[in-house]
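Across the two complexes that follow, subunit A remains constant while its partner is subunit B and subsequently subunit C.
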Partner chain A sequence: AKHTEQHEGRLYNIPLEEVKAVFPHGLPHRFQQQIQTFNEARVMVRKPALELLAYLKGSNFAHPAVRYVIYGERGTGKTMTLCHVVHYCSRQGWLVVHVPDAHLWVKNCKELFQSSYNRDRLDQPLQASVWLKNFKTSNERFLQEIKTQKKYMWGKRESTEEGRPLREVVEQGLARVRSASDAVGVVLRELKQQSHRGSFRLLVAVDGVNALWGQTTLRKEDKSPVSPEELTLVHNLRKMVMNDWNGGAIVTTLSQTGSLFKPSSAYTPQELLGKEGFDTLDPFVPIPVPNYSPREFESCYGYYLERKWLQHEKAHTEDGKAELQFLSGSNPRQLERLAGPL
Partner chain B sequence: SSPAALAPCRIMPVRWSRYNPSYLEPEVRKESYQKPLEELTEEEREQAELKAVRPIKAAPPTLSSSVFSDPMISKFTNMMMKSGNKVLARSLMSQTLEAIKRKQLEKYHKAPENEKETIECNPYVIFHQALKNCQPIIGLSNITKGGKTYQVPVPLTDNRKRFLAMKWLITECRENKHRRTMMPEKLSQELLLAFNNEGPVIKKKHVLHKMAEANRAYAHFRWW
Partner chain C sequence: LRLICTTTAVQRKNVGASGPEKYTEAFIKKQIEEFNLGKRHLANMMGEDPETFTQEDIDRSIAYLFPSGLFDKQARPMMKHPTEVFPEQRKIQWGEDGRPFHFLFYTGKQSYYSLMHETYEKLLNVQKHQDQLIAQDLSPQKEKRNLAGSRWLTKIELEEMLLEKVSDNDYSRFIQLLEKLVALPCAEVEEQYIQKFSKEVPVQSQKVVIEPLQHDERGVAFSTGEGKRKTATATAVVYDNGTGKITVNGIDILHYFPVLQDREQLLFPFQFLGRIGKHDMVCTVSGGGRSAQAGAIRLASAKALRIFVTEKEVEFMRQAGLLTVDPRVKERKKPGQEGPRRKFTWKKR
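Moving on to the complex of A and B:
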C-alpha cells in the first residue's frame, strides 16, 4: 500500500511476495508464524515509526548520515518499527543493509577461524555466509549496478578485478566459505565509499546494536575470552555505524532480550550500550517506543477478532476485553501471548 | 497446613484442612458484588451481614475470577503437572490450545466456501468434545469370588469417566511419541483425532467396551 501518514493506529497490508523479497531475515519468529496462519502480513502504523519516516523524508543527504536509536521496554515493538522503516526504504528504492540481530554474531558460534587478512582477528564463516545469502535476495538489482573500485585478493590465486559488479564479491563469499567474513567487509566498504556519489541511498538497519560493544560468550582455543573488536564482522559493522559517510541514514534498535550480561530491567541506551558504545554512537536521535495507546489496543483487538484469532466466547465481550487489557498492560508482546490460547 | 481457630479436637488434621464451622466460603463472582442493596432478597441480606462479621476461608489456587477460566482445563493442567511445576504445565496447555487453533485456522482459510462452516476453530470446543468422545460408558472392576478374580463390567460415575479420559490422553501423549516431538504438538494431534472419533485413545475406549461386552456373564457378581 502507498505509505500515507496520519493513519496512526491502523494496520497496513504487505503483499506476501514483497515480504519474501524484502525480509528474507529480520522478522520476529512469532510474526512469521502469524503471517503463515493468517495468510497475510499486517503491520501496525505507530507514532515512533511515523516520526522516523518523517525524519528520513526530510533528511539532507549531503550531510553525514544521521543515527537513530530505537529503544523501549521489552516487547513494545522496536523490531517491528525497524521492519516498517526497512520496508518503506526498500519501496522507495534505497539499498538496505539489514542485520537482523547483531547478538547472533557474538554468541553460539560453532566455528571460529583466524582471519587471513589480519592476524589478530577471528572469522565467522557460518554467520557471514547466511547473511550474504539473505543480502543477495533482498538487494538483487543493486548488486549488478555497483562496481568495485579496488582489486581484492582472496588467497593466493583468486582475485576480483577493479570494476566488476559487487555480485561477484558476494558469489565469491558464498562459494568460498572461509573468506565469507572478508567478503562482507569488502561489500560494506564499497557501499560506504560509493554512497556519497548519490546514485543510490544507503540505509543501515541494525537490530540489537548493543551487541557490538558488550561482551561475547565466545572463547578462543586457549579458553581466553574474545572481545567484540576481535571479530571481523563486528569490526566492519562498527565502521558502518560511524557517521563519517553521507548519502543515507543509520537506524538501530537496542535489544535486551538477546543481550549478554545485562540485567533484564535495563532498557535505556546508557545502560545497554555501555560507556564505549554510547560514546561511539554519541550524536544520535533517540526514539522511544511506548506500549499500546488505548486506540492502538482497540485496533489490535479488532484485528484479532476479525481474523478469528480470539475464539473464546467470553473474549468477544466487554469484560473479556477489559481483562485482556489489564493482564497484558497494553504491552504488544504480552497481548499476543495471551491471545494465543484464547 | 491447618489454619487458625480449629474446633477443639484431639486428632490433628493431616491432609484436608479443617476449618472452624464459623468460616465462610470466598465469593469470586464479580456480579454478586456489583448489586446495590435494594435488589437483594432477605437471604442475601443476611449473607452480606454475616460476611461483614465472620472470617473467610483462604481461596484455593484453582479458584479464579477470570472470565477465561475453565474447570476442565484446570483439572487437565493439574494432571499434566509434574512435581508441582504448574508454570510449565500451564504454558504447555496454552501452547497446545494455540497449536490446535493455528492448525484449524489454516485449514479454514484453505477450505472452499461451502465447507468453511463445518470446520470448528474454537480450541475449547474441540477440547471438550474430544474429552467427551474419549469417555468410556462402562468400566471393568476386579471382583474376587471363590479364589478367582473376575473382570466384572460396572457402571462408572461421571467423575471417574472424566478422569479416565484425561488419564488415557496424557499417558498416550507421553509414551507413544518420537523422542524429539514436543508435548503441545503431540497433544494437539491427539485432541484433533479424538474430536473426529479416530486415534489411539478412542481405540482404547472401544477395546474396554468390547471387554465389558465379552464379560457380560459375570455382571451379576456385582452387589452394588
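Moving on to the complex of A and C:
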C-alpha cells in the first residue's frame, strides 16, 4: 500500500483505519458503499493523479501556493483523484484542509444567522460545526502543535488567549454552535499565517470549487437572494484559495453535479467558474480527467471479477467485456452503475 | 399481429348454398347491362376509347373521381362486373313437376358426390391405360409432377367451386383421392383434369438488393443504411477498422443517450454479429422521441451491416427481427372515447 507512482492503471489498497482517520467526510457516497461491500478501499492510480503528485513533489514551497484545478466530464473520477492526492499528502505529513463539497454550503441550509463578527455576513452554524468535527478527526496531532497568534473574542465572556493550541478554538466552535463559522474563519486564518513559517505543509483541497462563485439557493428573511460573498464560510474559503500565501498547495475540483443554474453539458473551467471565479483563480494549472483508457478499463474489470462482483455468466467472457465497455463508454461512473445489478 | 383472414365466401356464409335465390337471373342480366353502359359512360367521361376500356382503367378512373382516405381498400368506392360483386347462386335444382335434375340430388351433397364419382372414373381410366401399356410390354413412364410449386385447393376454395358446403372429412377424402390419382405412373393422361384442382404457390419475391461496399478518401470501407421508427428517421454510416466509437448528430452516444436502454438498442446489431469493437459509426437522426430515435438508428445500422456480412448471417439477422421495420405507430383517437382504447368513465346514472 505504499505509493506506487510508476504503476499506472493499478489499484492500491488503503487500510480501513486510515480511511476513517483521513477521510471522515471526503469520499463519494457510492465509493463508501463499495468500501462497505468489499471490506476494503481500493483506489485506482490514474494519470491525472500521477501528474498532480509529480507537481506536488517538485513544487518549491518558498513560492506562493500553486493552484491546480481538476476538471472533466461527469463521472470521470475527479473526486477520486482529489481523495488520492489528499491521502498522499496526509501520509507525507501535511496538514489537510479538506472541504468535501462546497456546494453543500451554498444550498439547502436550514439556519442562517447574522454574523456577530461582521454585520453584513450570514452564518451557517450547522455546516460549520459538521466541518469542524471532521477537521478535528482528520488532523488530530496538528491541532495540538499549532498555537494561536492573536486573541479572539467569542462574545462577551469567552475568549481565547494567545498561544493556546488550535484545538481549543475548534472545541470552542463545536461547543458554541452559534460561533462555529467564526471558529472556522479563525482556524483558516491561523493556518494561512503559520504556513508561511514553514513548520508544516498545508494542502487546501476543495471539491466543487465552482460553488464559491456561482449563485446560491438561499434567501434572506426578506426573500432577497443571497450572494456567496455574504456567507462567512464562503468568504473565508475564498481567502484560502487566493494564492497570497506560501508553503503549500491548493487542489480544487470542478463539479457539475452539485452546481446550480448551470447546464449539464458544461464541464470546462470557464463555463463552470463564471467570469469572476475564473479571474480569481487565474493562474492555475488545469488537469483534465478523461474517461478510462483501455488499460484502466481492463484493470477495473479485472478487479470486479476478482471480487466476484460480476455474477452474470456472460460477464466473464470477452464479449461481455466488450459489451460493458461499449455500454458504459469507458466512463467510470457508468461502469460502476452497470456492474451493480450484474 | 392477429391474422384476419376471411374470404368473401366465408364472409357471406356461403350464401350461394343456402336457400332459394336472392337474385333472379333477370336481375343479374339487368345489372350486367347497366354495368356495361356505365363502363361506356365512364370511358366517355375520361376521354378514352369505350371499346378498349379495361377493368384496370375503370379502377383508376374511380379512384380519381372518388378519392377516399379510408385504409380498407374494400371499403372504398368500386365498380366491378356483377359476377364479381354478386355471389354465385345455385339455380333451382328441380323442375316444375318437382323432379330434381341431378340423379344424386337426394344424397344432399350432389356436387360433392358427383365430383368424387368423376375423379374415381379418371382413376380407373388411368389404371386401364397402365394395364394396356403393360400388356403391350411398354414400360410405364414415371415422370413425377412438380409438387413443390403447387398446392391443392383449400376447403374454402372447393366450397366456392361446388357452391355447397363441404365438411372436413369429405374434403380430406377428396384430397386423398387426388393424391392417389397423381401417384400413379401414367397420370399425365388426366393432367388437365388435375390442374383444375391445383394452384401455384407464389415464389418468394422481393429479393432485396444488397449494395456493394463503398470506399472513403482515406481508403476505409464504409456502408450506409437508413431506418425509420414511429416518425423518427435515421441514416447510419458504418466504417470498417474502427474502435467501436459511435457519434450521433455530432455528439457522443454517452451524451446523446443518457439512458441505458437506448444504448442497449444501439448495441444489439453489433453484439448479434459479434463485432462490437470493430466498426465505427456516424449517424444522423431527426424526429420522434428518445426511444424512436434509438430504434431508427438500430434499424439503419443493421441495414448497413448487411453488406459486411455473409448471406447466412443476413438471414439470421432477418429472423432475429433486426431488419424489419416496426409497424407500430400511434393509434388514432376515436370519437366517443377518450383515447384510442380508453372509454370515458362509466357512470351508472
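FYI, the second predicted complex is superposed on the first by the 342 of 342 C-alpha atoms of A that agree within 3 Å, B and C clash if a C-alpha of one lies under 4 Å from a C-alpha of the other, contacts with A are read in each partner's own complex, and residues count from 1 in each chain.
Following the convention adopted for this analysis, a contact is a pair of C-beta atoms (placed from the backbone, for glycine too) under 8 Å apart; a residue touches a chain by one contact, two chains touch by 3 or more.
Model, not experiment: these values are computed from the prediction.
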Note to self: According to the stated criteria, A:Pro15 is in contact with first (subunit B), second (subunit C), both, or neither; which is it?
What the structure shows: neither
Check: Comparing subunit C with subunit B, which touches more residues belonging to subunit A?
Finding: B
Notebook entry, point to check: Between subunit B (first) and subunit C (second), which does A:Gly302 come into contact with in this model arrangement: first, second, both, or neither?
Noted result: neither
Note to self: Looking at A:Thr37, would you say it contacts subunit B, subunit C, both, or neither? Reply first, second, both or neither.
What the structure shows: first
Check: Where does A:Gln311 make contact in the superposed view: on subunit B (first), on subunit C (second), on both, or on neither?
Finding: first
Margin query: Just checking: does A:Pro341 make contact with subunit B only, subunit C only, both, or neither of them? Give me first, second, both or neither.
Written below: first
Next item on the list: Have a look at where A:Asn331 lands relative to subunit B and subunit C in the superposition and call it first, second, both or neither.
Entry: second
Check: Should A:Glu323 be classified as contacting the first partner (subunit B), the second (subunit C), both, or neither?
Finding: both
Next item on the list: Residue by residue on subunit A, keep only those touching subunit B in one complex and subunit C in the other, then list them.
Entry: 319, 323
Item checked: Complex contacts: residues of subunit B adjacent to subunit A -> 30, 66-68, 93-95, 97-98, 101-102, 105-106, 108-109, 121-124
Next item on the list: Would you pull the subunit A residues touching subunit B in the complex into a rising list?
Entry: 33, 36-39, 308-309, 311-315, 317, 319-320, 323, 340-342
Checklist line | Touching residues on subunit A, where the partner in the complex is subunit C | finding: 265, 319, 322-323, 325-327, 329, 331, 334, 338
Notebook entry, point to check: Which residues, counting only subunit C, touch subunit A once they are in their complex?
Noted result: 244, 252-255, 260, 263-264, 267, 270-271, 274, 276-277
